[in-house]
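Next come two complexes built around chain A: one with chain B, the other with chain C.
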Partner chain A sequence: MRYSYYPGCTLKTQAGASLERPALQAARALGIDLVEQEEWQCCGAVFPLATDEIAPFLAAVRSLATARDRGEKLVTLCAACHHVLKRTNHLLQVGSETRDKTNNYLQLEQPYTGEGQVIHYLELLRDELGFDRVAQKVTHPLAGRRIAPYYGCLLLRPAKIMAFDNAEDPRVMEDLLLSLGAEPVDYPYRTECCGVYLSVNNEEIAGSMVRKIVHAALKQGAEAMVNACPLCHYNLLNLQEKTPGGEPLLPVYYFTELLVTALGLPEEVGDKTR
Partner chain B sequence: MVQVEMVDIYIMGKKYVVPASLTIMDALEFAGYQLKRGCGCRAGFCGACATVYRIAGDYELKVGLACGTKVEQDMYLAQIPFFPAVKQVYDLETLAPSNTAIADYYPEIYRCIGCNSCTAVCPQDLKVMQYIAYAQRGDLARCADASFDCIMCGLCASRCPAHIVQYHVAILARRLYARYLLPQAPHLKLRVEEIREGKYDAPLEALMGKDIEELKVLYNSRDIE
Partner chain C sequence: MRRIGVFICWCGTNIAATVDIETVIKEAREMPGVVYAGDNKYMCSETGQTQIKGTIVQQKLDRVVIASCSPRMHELTFRKTAAAAGLNPYLVEIANVREHCSWVHKDKDAATVKAVALIRTAVAKAALDTGLEPQEFVVTRRALVIGGGIAGIQAALDIAEAGYAVDLVERTPSIGGRMAQLDKTFPTLDCSACILTPKMVDAAAHPNINLLTYSEVEEVEGYVGNFEVTIRQKARSVDAAKCTGCGLCFEKCPSKVKSEFDEGLALRKAIYVPFPQAVPNIPVIDRDHCRWFSKKKCGVCKKVCPASAVDFEQSDVLIKQKYGAIVVATGFDLIGFEIFGEFGYGKHPDIITSMEFERLVNASGPGGGKLLKPSNQQPPKNVVFVHCVGSRDKSRGKPYCSKICCMYTAKHAVLLKEKHPEAQAYVFYIDVRTAGKDFEEFHRRAVEEYAAVYLRGLVGKVFPSGDKLLVNGVDTLSNQAVEIEADLVVLAAALTPRHDAEGLARMLGIGSDAHNFFVEAHPKLRPVESHTAGLFLAGTCQGPRDIPETVAQAGAAAAKAIALLNKETLLSDPCVSAVDESLCTGCLACLKVCPYKAISDKPLTEKVHGRQRRRLVAEVNKALCQGCGACSAACRPGAMNLLGFSNEQLLAEVDAICL
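Presenting the complex of A and B:
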């Protein structure tokens, strides 16, 4: 199974050790060949709602077209990159002035009209590999671990375009946790917004949103939270209440960290060039 | 008499008739300009002679180095001997090769809108936008590698709508990479020590004392690797 892989900037910096490295390690162990695109640029991080300007879509279209040319699906890991790439792909699929303008500007050898496919790593595990195959490779089941999945917005909404899971009642992280032997905790607010970039200029509002989410999970007996988005991760970890010792009340992990633990993969030494 | 093919070119909007076989730089001199700036090695290495031009009737702006681009009929020329780009001052010895080392000095790299105009304009055919993408994510090794052939002509910066100075970003990446991440070359260290110890002082002084005719003979009979 060979795929083009679009990491995104955060995975090369802040989330490298906890999100990207374990994901690539697990992929190798599961027999999935993720080939990082030779050239990719920042996706822009936020999908622009004004579609009459083409510049914000150019990086995404270049990556989508390159994967199309290689005949490979494009795999993402960061929820924000996934959101931008998937929605850009849709925008070019449905046919629009943006599609014409973008192609006219880029002058690709073959115009791009959304024929490629973008899938998130979680979809890769669920739809391409299958959670049963993941379960077969588990050597250190997370037995008795009560984990609360947190989805946030970017993977789920807008539901029709993202087509990721049931946007009101998603299951993919619950099913992954089950395949790893853990016990998923059901709680309200798991699909609520974490406050996104409000943590930059209005920490109070973002903090109140995060505390509501974290308290709900704690109340249901969660011992940790799992998620797939670097920005949610940052907010959940930094804006929740702390213990007197300064530790977060509820530890927050990327799903990839639990995946490598359950697969019994050793911690890898970091890339020295970074 | 041999007929020399001539073409019309326009320097700062004024028409000149020059031989078609000339480079832009030679044509400027043929037209009577004496070049004091915007002219260096005349061999495509120094990047001093960046030129923007357009052929009459064509909408596309083109670029090239004046020393290595031939004149064409109806070529409208504009020389860029100097580009007023921001150049940060730093002490390499006090920096660290971190993820944010470049962003600390050139935060405008995050303004890149991905238009790729820089790449389109580069006379060295570098993937300029891509090396800025490497800089954005702190990948000094790739940024240094992808920008290695940069001659710092400034054309990329002249076209950037995000006001990025790509070539100064790139040289910072190469400096950091060479200073902190690449293993030191043992032969270079040895040679520097030899120079410090004065091993080459005497032969250099001997050369300085020779007259021009002797120097010419020595130059023309030198070993070429």
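Presenting the complex of A and C:
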């Protein structure tokens, strides 16, 4: 199983140790060949809603076209990159002024019209590999661990374009946790907003949103929270209340950290999830 | 030379405002064969028709072209007018200069040119028209009603009262339908069962009504007056002639299954009658859940039956019957909840649909109508009702209003307070729509006397929290987020047609809309007829509606069916296919494309150069042919011709436009 892989900037900096490294390690253990694209550039971080400006789309289109030329699906790991790439792909698929303009500018050998496929690592596990195959490789099941998945918005919405999961009642992280032997915790705010960039200029509002989410998970008996987005991860971890010892009340992990733990591959990334 | 008359209708300003009538008259007079062109403000009116009749006689017209509205609207009117003046009605052509021209254009000059072109086309076709004579055929004086809810029961009773035999086909083991599941009815709070069950008994007892419960329509062939229908009567596994309805069998049956009638809130046995007042009161064995049929063990029902009525060997029976008219009354389903994850339906037993609420509050329902929380059998205190779950929701649900939810939710708020005076109802709504007799008054009573709190806004999330349900919503009038700790959440789900309505529409050959509701022939003037002659519609299979509307419509559909059955014979449409045997090569490509099985092969013996020769040619059964024209398109030598729409006529029309 061979795929093109688009990492994005956060995975090469902040989230390298906890999101990218375990993901790549797990992929190897699961027999998935992720080939990092040679010339990937910043996705732009935010999907641009101004469609008269093509510059923000160019990097995404180049990556999508390169994967298409190699005949491979493009796998993403960062929720923000996935959001931008998926929506750009859709924009070029449906035919738009942006499609014509970006193609005119890039002068690719074969124009790109959204024929490639971009999938998130979670979709890779669910749809390409299958959670049952993941479960077969689990050597250290997370039995008895009560984990609360948190989704945020980027992977789920807009629901029709992202087509990632049921936007109101997603299941993919719950199903992953079940395959790892853990017990997913259901709580009301797993698809609510984490506060996004408000954490930069209005920490108070973002903090109140995060605390609502964290308290709801704690109330349902969660011992940890798992998520798939670097920005959510930052907010959830840093804006929640701390114990007197300065530790967060509720530990927050990337799903990849639990994945490697359950697969019994902790030596490279450390065993902090235990 | 032909003597063609052209009559141009103004249709008030509908046509005349966009088409220059004077120019059209002038141009029409120049067309080949036209000896007269005149106009009238309303050609379909008495004066217009008199003008047509008088001109036919005076000008000795042998063909007539009417430039007016769609032939769907008034072709029949003008054919009758021509016939009254002694002209064969099939010598009349309609040029549709309203729907196809004036209504869809704004530029008067261009529309005038187009109107002239449309009339030139019709004149070219009219020149080649031949007089046609319809044939008479005998009507089968028996009606079929599909669906045994209140609509089907009412239609069957009305037709039966008029003296005609009716077969009432119902898929479940008992008639009664949705109305049998309801508790009280708005706005009078009549007990639903009390007013329905006498009608169910009447239907069963009526000498002209033949109940076919636990049966489904499997195939429909034929045409108005002579439908040929195959009905599968599923094996009940109980001999209806022997069963006394004592109920010993289901008392002793060990297999328990969720009751469909109780919306899954209670259990029934594998051998069961759906509810105590079921008609007929004869049990059915649900073979998928019966131990005898799955494991060949048990057989308790057979052992205990004092009448020896249980019969494991029974098999399905196929009934073939001819009908003159069919009434379709298949009712509704509720929209599926998979896409509305935010309401958490299925995650907690106290998040229920309005239909489930009906069963909980019903004296014959689970819990004897005490209205207790399904989770712990405790009385609910705070109850949140959510309107428009899937209705008026273009992005995920249905764009239409389900019409009855505002009223039944008001009713639920009233019933809640009557059962539990200390309880409080909260109703989230978009708009409260109470268009109906005494409806607004009833809604105000729910608010003023029963203290239901109405909040204008939607619910964003329902979540189980401890033994409560956390409801997050918004009140857009005070512009505040609202959080309610509820004991019970009731979702007013959108009404949809039955899940398999699309297949039935195809089988019957009737139209359905984007949501699979069956479509009436005209939304205002033919509201209970389908586009297919002899097929009538009643109840919610056509669109959301309440009980009185359903009953009124069922009566109207019955009246239409009675009027049809009242005729001994009907006239067939003579616009059917005809074979030119001298051109037919006997390839029978036509036979393969005919959707009505109207074409067969026939050996022809003829003399060629003094020698006898036998060859095969196609033959059209004029009674079965519906005039669709598929055969004439498929015919390579051009031997098939649709009378009234012959190949020559169509080509003449094309020439008139293009040359």
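By definition in this document, the second predicted complex is superposed on the first by the 267 of 274 C-alpha atoms of A that agree within 3 Å, B and C clash if a C-alpha of one lies under 4 Å from a C-alpha of the other, contacts with A are read in each partner's own complex, and residues count from 1 in each chain.
Criterion: a contact is a pair of C-beta atoms (placed from the backbone, for glycine too) under 8 Å apart; a residue touches a chain by one contact, two chains touch by 3 or more.
Bear in mind that the values here come from a model prediction, so they are computed numbers and not experimental data.
Looking at the shared chain after the overlay, A:K12 reaches chain B, while chain C stays out of its contact range.
In the superposition on chain A, no contact is made by A:R133 with either chain B or chain C.
Look at A:K242: by the touch rule set out above, it reaches neither chain B nor chain C. Once chain A of one complex is fitted onto chain A of the other, the partner contacts of A:P188 are limited to chain C, with no touch recorded for chain B. In the superposition on chain A, contact is made by A:E39 with chain B only, not with chain C.
With both structures placed on the common chain, the touch criterion links A:K212 to neither chain B nor chain C.
When both complexes are overlaid on chain A, the residue A:E168 reaches chain C alone and has no touch with chain B.
Within the superposed three-chain model, A:A55 lies in touch with chain B and out of touch with chain C [touch as defined at top].
Set against each other, chain B and chain C touch different numbers of residues in chain A, with B touching more. Annotation: chain A has no residue touching chain B in one complex and chain C in the other. Listed in rising order, the residues of chain C touching chain A in the complex are 338-342, 344, 347, 461, 463, 465, 470, 472. Interface of chain B with chain A (complex): residues 99, 110, 112-116, 127, 129-130, 133, 136-141, 181. The touching residues of chain A, when paired with chain B in their complex, are 9, 12-13, 39-42, 44, 55-56, 58-59, 62, 273-274.
Touching chain C in their complex are the following residues of chain A: 166-170, 186-188, 219.
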